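Heads up: the structure comes next, in structure tokens.
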Amino acid sequence: MLTDILTILFVGGLLCWLIPGWSRWIATLAVGLDLVLAISRWWPSAHTAMTGKWIVEEQYAWMPSMGASIHLAVDGFSLLMIVLTLLIGLLGVWISWHDQAIAEKRGFFHFHLLWLIGGITGVFMAMDLLLFYFFWELMLIPMFFLISIWGGEQRKKASIKFFLFTQLSGLFMLIAILALYILHGQQTGQYSFDYAVLLGTSLSPSLAGWLLAGFLLAFLVKLPAFPFHSWLPDAYTQSPIAGAALLAGLMSKTAAYGMLRFALPLFPQAVHAFAPWMIALGVIGILYGAKLAYAQTDLKRLIAFSSFSHMGFIVLGIFSLQELAYDGVILEMVAHAISISGLFFLVGMLRQRIQQTNLDAMGGFWEYMPRMGGIAMVFVLASLGLPGLGNFIAEFLILAGAYQAHVGWTVLASLGLIAGMIYSLVILQKVFHGKTRQALPGADIKPLEFLVMACLVVVIFWLGFFPQRVVQAVDPVVKQLKQISLQELPAQQAHQVFAQSSISTNI
Amino acid sequence: MWHQQVIPALFPQIILSVAAVVCMLLIAVKRNHAVVHLFTLLSLLLALGSLGRIPGVMGVDGLFVVDGLGVFMTGLILITAFFIGIFSYPYFSQSVLEREEYYILLLLATLGASLMVISNHFISFFLSLEILSVSLYGMIAYTKTSTVATEAGVKYLMLAAVSSAILLFGIGLMYVATGQLGLSGIGRQAVYTPTSGWFTAGLGLVLAGLGFKLALVPFHLWTPDVYSGAPAPTSAFVATISKGSVFVFLWRLFDSIGRDERMVIIFVVIAVASMLIGNWLALKQQNLKRLLAYSSIAHLGYLIVAFVAAGDRGLDAAIFYLVAYFISMLGAFGLISYLTESGKEKLLLQDYTGLFWQRPALAILLSLIMLSLAGIPLTAGFIGKFYVLLAGVYSAQWLLVMVLILSSVIGLFYYLRVVVQLFSRPDHAVYFPRSPYAISTGMAFLVLFILLIWLGIAPGNLITQIQQVVHLARG
Amino acid sequence: MISVPVHVQLLLASILFLIGLVGVLIRRNVIFMLMSVEIMLNAAGLVFIIGGAHWHQADGQAMVIFILAMAAAEVAVGLALILQVFHLHKTVDVDCLEELKDTQS
Amino acid sequence: MDVMHFLWLVPAFPLAGFLLLALLGLRLPARAIAWIGTVSIGLAALVTLWIGLDFLQQPPAAGHYRQVLWTWFNINGFAPAIALYLDPLSLVYIFVITFVSFFIHLYSTAFMRGDEGYPRFFAYMNLFVFSMVTLVLADNLLLLYLGWEGVGLCSFLLIGFWYRDEANGYAARKAFIVTRIGDTAFIIGLFLLVKQFHTLDIQDILSQAPQVWAIGAAGAFWVSLLLLGGAVGKSAQLPLQTWLPDAMAGPTPVSALIHAATMVTAGVYLIARMHVLYSLSPTMQLVVAIIGVLTLLIAGFSALAQRDLKRILAYSTISQIGYMFLALGVGAWTAAVFHFMIHAFFKALLFLGAGAVIMAMEEEHDIFKMGGLRKKMPITFWTFLAGSAALAAVPIITAGFYSKDLILFDALASTQGSTWLWLGGFIGAFITVLYTFRMVFVTFYGEQKKVIAHDPERETAMMIPLMVLGVLSIIGGWIELPHAWAHFTPFSHFLESCLPATQLKAGVESWELWLQLLTAIMVIVGIYWSWLAYVKRPALAYQLKQTAWGRALYPFFYKGWMFDQLYDTLLVKPVVWLSRIDRHDFIDYIYEGFGQLNIGINKVFSRTQNGYLRWYLLCVVGGVLIIFSLILFV
């Protein structure tokens, strides 16, 4: 099933390229089919608490002589992220259905879009570290092309900057993976990139620290966290709308996923040493990001920085090493993906109507687009963390969790709630309120656009009122992660806990 | 010693020598580009096919050793030469000059390279090197009406001659110190006289000579000039076969005499300098061929990382890397050859603006090549770099590994610059010629494309192959 | 017969080699440069002679023969190229060959 | 069938109304919109009444009723539910909320007629009622916070309802952000509670807190401080009171509903709801009382200097909530809730009356440009007078007298009360009388300065609420008579099961009559002074203003004690400055610097590729030398 999902995406991408006239339909079909597949496995799993085994697992030979295999496996957490990826991917296809910016070479656009979705999906499935890295980098290529071919004015600079940052940081992770592989091989004689195998590696504290640093560098850049966010505003602003949504909504989440799935379980001891610094980075990110967002005069940049600010919550949540915070982080991953996609889609729709994203050119749009304004309001409110919407539960749990361990930092981070409100209201008020800057009769939301936004709105409310589904689905993962915070547990024992809970059934 | 089986072991080289002579005769009978071209390709294929008849590891009079490494590299060289042969046809068919002799030189240069990879003795090495070099002089300056080609030829000739002299002087000193010219003999002797001043001095000079051929910093300055001046197929040859074969000999040499600690330091310095300076030089380069030249400097630096890492892992890595690098470079220069219009190459990056919008397939191939050179997944270059990193980490060469990472990111910048250029929308109408001889070239591109991807996604087979070959050599 | 020590012989060869090297470096006329390279090659040849004599082997001498042959080939190609250079540039001054270089932006 | 099971309908009706209006509002005719908007609230009010009657007749066994709709989430036992909790306190609140809301909605159907945002207005108003009811009925603090933020949102949306004017947008933003500052303190308090109790269930916390914390414990102190932060933000108390006067930018019914009757008293509700925590921290309770006194004085003086009818009422609201805080601070929980109810009646009435006046005066807010409306708008005048009398606490006849008097008495007589607190409250009451009757006299007496364009008295939908609320402002107080008169205290008795009775000092009951007499005299003197200054001899007020004190204090009071200017200088300007100077993110320059460095290096090395063969040769020789030196020196 997992390979099916990937194959459908990759083959669908090729088909889009070959049959450009039908690319929108092919893309819809491919992603939609996958979505159905994924939901059909995820939904039941969210009902019942799982016993720590994978829901689906597949393994094929890849580079047997190196101990690398195509090992794909998903649990509730990965499946959740996959469902999310496919959902936003599908909506991304729909929102750019009539987008003039991608009218040229549309088939090729959908090829990249589908491969991007495929890469992200692969990241959430890979249980072989080399394969993980492979998908990790694979995501970059279509993203790079999406930006550099269909991007905005500054697309060249933006795409290259994005690629350089993520590539450099990724290489550090590769080094860490290789070192782990070799160390494990030298200790046990078994050279393997397999996640379950490598979990048991015992490392000296300093070595574990270096390796963790390698992993974290990749994740913090991709997320991005302070001070590695320099690529973000350019890449987010310049990419086409569907790309921006996937970039901000999902690609950043792969980093959070990587931390939860790989960085923390692989180096539980070192994580404790890193946690205070990471928390500091997270909190600085929250506040600094909010400050930058507030200062922007371009709507897309503003949203980009708001995303950066929210990523600070994720860093804070992960490294507070608390159960509540883990749940919060996962919810934030989902909720933020939805809300930021909604905001970027919104910018895309506005851009199609007024051909720019400068805030000074906007104002009073409520008069001509009350429906769009209403929908925009939902996402603005999600962004500022209004209860009832998914982001609130997530941020509440993150902060409540972080508070258990770090009162001071949490209080500082909570200031981000105020700051978040300040910049979020700018979106609503500068765009839809105020004096009418230009007449846009008949500019209100179109049916297809409405469908897309309605899906997001429904999901974000669903998350706000029924987060239990998600909490239940990721429960085993959170339970695993919880062990990390149990410092009393000796290293070896802790490893066994992970190994037992994540070791797969025999293949 | 000299018995029946030696003949099959040297079949490829024999076939190439005979083919060169026959080629000459063909031209004497009637100048026909197509015939000579086809003959060259066929003889390369024949030589390739004859590889299968090689019985096993065997030494030939101490001069040559036909082992797994040698056979594999010979095969690689022949295939590469085959591709270069294909790319030469459209390139030279537009030329008004006599073009048939180029194929003689190509065959001879290939012969030199294929001899070098099985050389186990300084005499045979020297001979093969000279066969290679002298043919290359001709190939570089082949378009004799072109000032740049001639200039490149003269520069290469003078520098190669000087470096040959340095190399020879170094070999001489080593000979004086050990009384041996065979690598295994020197290796045996070197164990007893490792600190002999003359020996070390000689080794240093040999290193400089080899470094020149490999275009390692600080012997790299000729590279961009020669690449950009020479006809594109020749540049491909210089970038791939000539470097690959010398690299193999370098490996054999140091496998015999052992990697002295001081030597390792020298190599580390050279590798670091090559990686960094190569990439720095390419950073703002606007001429695609020069850019590829600088990139090749950096790539040889990466190879030296594998070299320093040593051992089976290092050799595996180096060979895989060479394969990936060959494919990428071949594709790049092949494209340049293909897009050459009546002898005028498209050199500047801006000449390629908007290639995607006109010839998407070519643009995608070139982008893929750039990504492969940059070592991005999905491409062979990624597995190559991954392998080299693995070797580096395994041997705990942290400095090299870190420099590799940093410099490869510097490198990524200019590769992406090329890619972005291909995809940017042109301000004015651009025209990219459709060569009338597109079928064979197109097929070649397709094969390269598939190889790039296939090795990037499923390198398992090749890795196993290489490992077997390498173990065969040691076996 | 007084035997000259090996290192003195090598010193001679080295001096010869350096003379050639300096010649290559300071002469601007390509033909003179080519001649200087010949001197360097001959210096290398001398080293092989010294080695052969020292170790009482024929290997060194054999190598010298190869060197001579190769030098001849090199000079042949070199002179042909120099002719071409003269044909194109009307000079054999090597500093005139500077069309290929990095353009400073 | 148990009536209580229909409790969920109370929030559900307004929510349904909101959803209908939000989804279909743009397509519906105005009449349908008015119907949906009003009827949804009316139904909620009826359900409330039904449940309330049932509650009174057959109180649930435990004294409260809990309805769990679904579990919100459950993380290792930390499981806030979407659950409603009905006890006398929340019953009083939802009763007031639904009924006052219903009348204000009814009023709005006429008041807002013709506005292009008609459906939007009713959608927001319904959403507000839903949020407010959720806030009050919430069984846990997280759900309460949901309602809390929800009402804040609706307040924001309705203040900025006329979105074209950027001043409205600014006022809306200010209200939202200033209250958010308090909310952030509130939510940090929730974190603390989660850490301490691993639950947010209000009853669990209230029952566990005395076991965990001794009186005066640091934990109780911090929690109550942080919750107080939320309360002062929402209830516009010192030091976060500055948003409320600006919030008057919204339509008048909004001011009546949100910024007078209901939302701003949420802080009072919160503290009353969490009274156990405050009882555990006497310091904080004293702080609450002091905040109350200071706020009521500051706001009262500010109200004295205002010219805008709605701003006078806004400051008076701040001031009256100050009384409620004072009551909470001295442990007179029921008194605070009582005053909340009465205040909701008369303040909603005053705002609605002011709305009618402003409508008649064609959006004129300045009372000094009105005048003489007594005859022209009799219903408005008489109901407004009733409300004003209640606000000024005119003895015996008005409801405001009963509630405010109770607070004043408790401020002195409660075990936590003191003379100073009483004195503050007393002076405040006097000022209240002054500004209230200044407002009445200036608006309705004297010469008429402007003709009535559109007579609101013809709108039945507007007049019915005025009359109903007018009656309630008079008779509403009779359900809780002073101890000294009779032992008729059904209101506090009703609340006893959830709010403890006020602890009085020994032997203070006899003071009550004297205090009442004092208050009565004070009120009469106050009314007389206002009459003197604004009706009899208008020059008197002018002369007073021209004295040295008057000239110094009048602008100071007019600007609300310059709090806005203070915050502007201390907070807003630095933040804005900070974000302006670093708009382009200095981190980016660092990376750009790396890029430039590499390009610089490229330039350097690029020079070595100069095309000269002999230079290349020299470099080869140099390379050899480098190798030799490495061999020799390493």
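Think of it as A, B, C and D in the order they're written, each chain with its own count starting at 1.
The rule we apply is simple: a contact is a pair of C-beta atoms (placed from the backbone, for glycine too) under 8 Å apart; a residue touches a chain by one contact, two chains touch by 3 or more.
Predicted, not measured: the structure shown is a model, and the values here were computed from it.
K.L.:
In terms of C-beta pairs in contact, which of B-D and B-C ranks higher?
P.N.:
B-C
K.L.:
Quick check for you: compute each chain's CA centroid and the global CA centroid, then name the chain with the smallest gap between them.
P.N.:
Here the chain at the core of the arrangement is A.
K.L.:
Can you compute the centre-to-centre distance for chain B and chain D, using the mean CA position of each chain? Integer Å is fine.
P.N.:
The computed centroid separation for chain B versus chain D comes out at 78 Å.
K.L.:
Averaging only over C-alpha atoms, locate the centres of chain B and chain C and give their separation in whole Å.
P.N.:
The answer is 26 Å.
K.L.:
Counting in whole Å, what is the centre-to-centre distance of chain A and chain B, each centre being its mean C-alpha position?
P.N.:
Those two chain centres are 42 Å apart.
K.L.:
So how far apart, in whole Å, are chain A and chain C when each is placed at the average of its C-alpha atoms?
P.N.:
64
K.L.:
Can you list the chain C residues in contact with two or more other chains?
P.N.:
21, 24, 94, 97, 99-102
K.L.:
Give the residues of chain B that touch two or more other chains, as numbers and ranges in rising order.
P.N.:
154-155, 158, 162, 166, 224-225, 281, 284, 413
K.L.:
By the document's touch rule, what are all the touching chain pairs in this structure?
P.N.:
Touching chain pairs, listed by label, are A-B, A-D, B-C, B-D, C-D.
K.L.:
Which chain D residues qualify as touching chain A in the complex?
P.N.:
By the definition above, chain D touches chain A via 22, 26, 70-76, 78, 82, 120, 142, 145-146, 148-150, 153, 156, 160, 163-164, 166, 169, 172-173, 176-177, 180-181, 183-184, 187-188, 190-192, 194-195, 578-580, 582-583, 585, 587-588, 590-591.
K.L.:
Using the touch rule from the top, collect the residues of chain B that touch chain C in their complex.
P.N.:
Against chain C, the touching part of chain B is residues 122-123, 126-127, 130, 133-134, 137-138, 141, 144-145, 147-148, 150-155, 157-158, 161-162, 164-166, 168-169, 171-173, 175-176, 179, 181, 198, 224-225, 228-229, 281, 284-286, 290.
K.L.:
What residues on chain C touch chain D, complex-wise?
P.N.:
Within the complex, chain C contacts chain D at residues 21, 24-26, 28, 94-95, 97-102, 104.
K.L.:
Residue numbers of chain D touching chain B in their complex, please.
P.N.:
Contact set of chain D toward chain B: 598-599, 601-603, 605-606, 608-609, 611, 613, 615-617, 619-620, 622-624, 626-628, 630-631, 634.
K.L.:
Can you list the residues on chain A that touch chain D in the complex?
P.N.:
Residues 226-227, 229-230, 233, 291-292, 294-297, 323-324, 327, 364, 366-367, 370-371, 374, 381, 386-388, 392-393, 396-397, 399-400, 403-404, 410-411, 414-415, 417-418, 421-422, 425, 429, 432-436, 465-468, 471, 478 of chain A touch chain D in their complex.
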